[in-house]
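So the structure is just underneath, and the comments pick up after that.
Chain IDs A, B, C and D follow the sequence of writing; residue 1 opens each chain.
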């Protein structure tokens, strides 16, 4: 397929390279052009503007946040303005449900299709084409772009016909990870105050009931109180929890655990910990326990 | 070794049988004698009283709750009164930290050793000698009984020299499981209200970030809203959360997630759901979302 | 003084009338002109546009929400565009801290003064000139308009030189009222389940420890479960709690009680109670208690 | 009437003196006899044992906590053992619901009446016969002892026929006071971080919406961060919140605010603040806000 790709960061760069490897014709755009040049050596056609990346039938975006996506998609000379009628925009960024709805409406009005396809996986999974793609949108459009998902991921999950629901699932995943972190923080504060070695305790958990990567990764960080450098900064953790709470409020769904997490992140930031890894919210449970 | 075994329920029956298979001489006692007779056919010596099971160097107990353990261990003609000086009591029941401390003191006063060794694993793991043993107590006593742990489990974790800490770790495990349940309940309420099929959602979670048995087991129950018959009743869930909170209060440790869980269990019981599986607390998040 | 007054609703109508009674020259504007005509009979000069109300040195606004204030103040032909340099805008509406900051900046840029002066008190207090004025802004501007505050209120409190802090104080007052409601709901659920008559209980509270109007007013509504017609609708309660939480987030302040209240309001709305009085969140504590 | 009085502390001493002033014949007992001697000078008959105070038809107790009441009432030679059949025990101590139920049953079994009559008011109100009496029990018994209540209080509220409900009301009062403290702590943290002077803020609150003694008393302490010496120590605050939560659990009633308060008190105690006034839990909201 002919596909435009916008956003060649740690995630998008790997994804675009895998589209090339799978034989697709990729026209690539990035705000800083050095990454475009690198991808061109792998066969991509450089685009000098967003509009240049919208000449084909499909354009995929992988950007940092709502603001970046809003500029690229809805700005003058943006995707909605540039993509031909009948074209499809695949948005893989982690964005708010509210923006996903606005994009869905804007593309529909322009006679275009909009698909949300955020992914689970870190940059190494993106490079290895081992992402999990969480896709939502009109079935016909999803069928059309399925080969693109196959090129970057190990499995595609179709969530529903409403694009925003894929973003909701993505946000809920980060919400669940944050609950794992908080629960480990409280449990470790409890046993540590009784004299149990946190590392031994995490070893027990991950060897028995909780042998999942999330518990191993964060259990280790929390046991060692190793929060710098941040794998994912607390400020970003707060942002994602906020996005989950906002989406929940639009759907009129209370999330008591989300509320508790939000308060934890605010307390951490208020005490100077915004740049720490988001698992540093567990220091608050420890502090409240007098450790 | 010569070992008395008290409590031949779903868990204890399998454990005692595995002690026999490993070549240990087991004298078995159970409140209802039929189970003793069954084990005798596998080579156990029947005991007619608790005291009869305390003639050897070691006695192990696997009972339902604090009350049962208190009666068997501290009652007249109980273990403390019957075990010879120098003997060792291994307590594998899930009991309160407060009782564990009382037992430690009572045995010490009687010149006996007390080891806490609760286990992680269900009855099938007990039958297959695949339990995880969470042990705490004096190193010498732990060394002595290590062969007994090897006979029933796949791995033994030594927590600390204070027996009660093993009970604390066990209680914290159930606390963590309950947080998994609540977090899944909130996340599923959120995506379900947006029209996402809960089963699809759980499939995504357990295929990606949360490929641990706890998420698969409870995610499935919650997605199918299948809470009867209970694998573990909500009344028992409340009991274990209460034990964790009491232990935390004795150690002066706040557990905000524990508080939230306690309130959830109380609301479920107040609305007639005490006999449901403890994962039925997730119906409350759904109800609050207007589902 | 010559003062423009914009917004002649239940509150603003009484305030403007009291400005007239105190001898001030009032030019009045309201979206629906009937109320302007009524006030003109008391001596006011009718204004046909917002700009018409901005010809004097001072203009005061008393409007429903952020959107209304934003339109009137920042829109084309709005207050900022119409008020002469050196003029003063007194904003008495209950608005967000974020908007208060934007207004402060916009007026400063236009060489105008901005004062926030939200009030405590219901329409009957507005009619009787018995409001409490919560004022914040530059001291010189506050001195200038002090006679206007005296005309509508029984007392003026100066909070700080930053206008937004007066809005923050106003929002915190509604937050505190909501905590009173929730606490009464939980306490009444508790004693009612034990068979104590709620009305007797509220009588005890308001006769002893809690002889404040807030407890009497809401205690009575809750004891009688009388939530219609709403004195203040749950949707507005959620809005004010949300504004308090947003202001707190901008200041990086966790408000655990605010989080709990937000979840209560969402659960009430999700179950169809948005039009009920905000004290109807107490039905949730009752329901969770199985009443 | 002839009445025995047991417990001549700050509260009981004033109450017994007022019984004498009203013309009742009082036989007084106290663990430390000095206070008995002092009261004897006002006309009381000294009792050397608990049993000595149980010779009449009515005995009233005003003691520190569950343990003291349990010893005096249920111990050997205690009230239940000593009071004649048909006699009445009025318990004015702040005790647990569970103990109130045990006392009710024990007295019924002994053919005696049991009335719970805790009070609202501080020692100065006790000395001035200005207490509020919260009474519950059988109507006939309540009628009989009404003159005793009139002698010590300004008003008697009859809660229900179940004695324990009066204790529940008393505990709920302290629960509500604690929620006032926490809500003030959060609100003050919010406005203080915005630069508003806490004392000004409390003045606004108590002059407008919250002109109740609880807000004035605690608002002042919190604004001045004056937590020593304690009027009511945090350890006692935790005890009363715990008693409220236990009573609620027996009635299967969740109290989310109670859970939050319990966590606050635990965090305060874990950080060395147990001897501070219970309003010092507000330092935690301030700390979480980075103040």
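Keep in mind that, in the parts below, contacts are C-beta pairs under 8 Å (C-beta built on N, C-alpha and C of every residue); 3 or more make two chains touch, one makes a residue touch a chain.
Which chain is which protein? Per UniProt: A, B, C, D = NAD(P)-dependent oxidoreductase.
Here the structure is a predicted model, which means the values were calculated and not measured.
Touching subunit A and subunit D together: B, C. Distances between chain centres, each the mean of the C-alpha atoms, put D farthest from subunit A. The greater number of contacting C-beta pairs, out of the two interfaces C-D and A-C, is seen for C-D. Note on chain placement: the centre of subunit A and the centre of subunit C lie 40 Å apart, centres being C-alpha means.
One finds 54 Å separating the Cα centroids of subunit B and subunit C.
Residue numbers of subunit C whose C-beta contacts span two or more other chains: 248, 252-256, 260, 263, 266-267, 270, 288-290.
Per the touch definition, subunit C reaches subunit B in the complex via residues 263, 266-267, 270-272, 284, 287-290. Note for the complex: subunit D touches subunit B at residues 242, 248-249, 252-256, 259-260, 262-264, 266-267, 269-270.
Within the complex, the subunit B residues that touch subunit A are 120-121, 132, 134, 155, 157-160, 162, 164-165, 168-169, 172-173, 175-177, 179-180, 182-184, 186-187, 189-191, 193-197, 200-201, 203-205, 207-215, 244, 247-248, 251-258, 260, 285, 288-290.
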